[in-house]
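Working notes, structure below.
Should a chain be cited, it is by its letter among A, B and C, assigned in written order, with residues numbered from 1 in that chain.
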């Protein structure tokens, strides 16, 4: 479904990614793991078109992405649930959700999607008329994911959805991710919470200082020596 | 008592028209994060469009505004798309290149208008211009009342556009978080160009509403840019409710200042408000008036 | 990409520079070569022209210049003493800094023998100061601020120009003989906050007080104000018998309209020249202009006539000539411009007739002896003091008038000898019109 082929990405003259390649297949949950500053967000922003690779290319459903402007990605079926949520703080919860469904296909199914979001996150229905800027951290994250669901995407990219959440909320969050996936959305998950992510994912890639150093099935990596030492603290 | 009532009426009616002019600026500031120094100058262009339609076809500004608004919308759209936007990411020695560019564009328009219409003062005076309603000893100018009504209709229309339509929400979203708006599939260049156009169309409406009660010459824009800026700061950037309340407060302050302080210091009233707001209420009225 | 950026930046700079500076900067040409001091100059007699010809203040600067050209054509003198007359034109855009540099250029680079100019007071002041420093005779046309001829500047000649505090000189007899006996005892005075407005108000205030008339309202106002109704409402609340207003054109029109809207009823509304006398006033104020009295510096009906350079002329002829040539009515600004060329030409002819060389010094001397009938009446350059203690140098004192708008036409009503219609006083109430 999504193929990233040998991309190099720079911020100005500073290189952030070196020869990154990975693949996400339909129906999978693929995790992109790595510590802070490894280049995970950079990778997602490059797929979203906010950054351009200097080398390499990206394909989505056979279409070349690297030449398209950022706002076209949504219409191809890619939803980006960004790091730090990036909600529209002065708009209501409902308006934020509506903003998720601007593309014609998603717009046609707006009511239905809204119901779906409200069944997954009942609290959002209660908060529908509240400004997004006034939500708690957990609620904000739910709204960010809900906004992604509203797009009826084929692929949802989630950037550290568990960041800053209380432990019980993190469990909830991963349940939701698995649920969304079961309902038919392919997921590219970026996480620092390696243990949780490896349990939830089909396959995973490990990013270190801009390079992919490990890849494999989630279960298998969970028992990898290097992972245990570097990320799981065993 | 009649004096106080008259003062309030004058300030209120004027404030409504100020609000329409300022709302265009606040919209542009909200979405593009630039102060459009050419705002008043482009409003002046719209006034000349109305003036020309009045002298050639006899169209009253209330009708001519529906020609002037699309004209200014087009000018605004093209300016943003092909000129202001282009310098966005250019690094130059000058800070705020875009702001300076709006100033330069405004001045170019002033000179163009001067070539066409000369520096002469113009006005659209019809016997209707002086019609008034009287309540006791107080008078309400009919054209001002109509201008106020139309102004409020535009403010309400804009408010509905911004809160009830996808396009309007996209404008607000772009203002609040540009990158997130792009993730949602918003074409930011298109939205900012349309917003600039919309802002200019509203300035055009404000100009057209002023024409029956005021006069016109090529340099008329500057004080209006300043007023719009003060109202924008007073109301809070990007907020229709803020611009409306800011406009009314500003109109009222000018009017009260002229009667109970000194008519020579209207501008000082404005600048005092400007300073006080910056110092004590930096978010503007919109932070006070929460929905 | 770099190129594009540079291009954009350059473009921006050019536009900005063009918008702000271009009109002001005369090219820096090398200083004139040192010529040997000639006893008798043979080149043309150079007349510097320094008015706002473009920009926001261009209307009246242009009227001055057109009137000067009309006078030049009318008297047909193209050379004096074998030397052709040549005009050197500098547009100062109404900007004092530009006016000053333009004057310096005329005085040094162009070596003008005499300069005509001055429309706004702020330009007139710097031009007059420059004239005195550089010792170039300067005929100042309109700039009305009193102080311009109170500095003892002997190179500045202000025969046809009236100091602001004397704009209303002929209004006082009318106030004494007509308005006060008719019941005027309380006056509201308001004036635009400019040099002209405040110096006018100073004189008006003193004169009202000297007559025991109470000033129930006395405020400057901001002439750019969009809504003057709050001020007028305050005026109304002060219940004056008479309004005395010093305003420019568009604020005058707004005031007339808005006074009508507020039904601000008084026995009479008197404007101090400025906006209230202009033809555009009635266009912009409509029927609200009716019954407004105003002091005026000039009347097309004034019976002035004479002969200069063998050509007979009349005041009315100037009015018709201007209307015919330019399709617009002239006002006092133009009449002052016309008169200034008459004064200038008269001085040149007298120097030549006396067999002397025409240069700055002889022109200055000739101007001190001017005694000439013009479109502004009989003009002499004299040194004198008024009862406010203002002492003027080379200052004439043209006759002033009072006019009244009647049925949308400006009628001259005072002095009675120069009237075109009878005055209407007290004026009808707004609701009865």
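One rule holds for everything that comes next: a residue touches a chain if its C-beta (ideal position, glycine included) is under 8 Å from a C-beta of that chain, and two chains touch if they have at least 3 such contacts.
Not measured: the values here are computed from a predicted model.
Chain contacts here run in a simple line, from one end chain through to the other with no loop closing. Central chain (C-alpha centroid nearest the global protein C-alpha centroid): B. Most remote from chain C, judged by the distance between CA-atom centroids, is A.
Chains B-C form the pair joined by the most contacting C-beta pairs. Work out the mean CA point of chain A and of chain C, and you get 75 Å between them.
Chain centres here are Cα means. That of chain A falls 42 Å from that of chain B. Between chain B and chain C, the centres computed from C-alpha atoms are 36 Å apart. The part of chain B that touches chain C in the complex is made up of residues 2-3, 6-7, 10-11, 14, 86-87, 90-94, 97, 100-101, 103-104, 107-108, 111, 114, 118-121, 123, 125, 127, 129-130, 132, 134, 139, 141, 210, 213-215, 217-219, 223, 254-256, 258-259, 262-267. Only residues 4-5, 8-9, 12, 15-16, 19, 54-59, 190, 193, 219-222, 224-231, 233-234, 236-237, 249-250, 253-254, 257-258, 260-263, 280, 283-288 of chain C touch chain B when the two sit together in their complex.
Residues 163, 166, 169-170, 172-173, 176-177, 179-188 of chain B are the ones that touch chain A when the two sit in their complex.
Chain A makes touch with chain B in their complex at residues 48-50, 69-75, 79-80, 82, 86-91, 95, 98-100, 102-103, 107, 147, 151.
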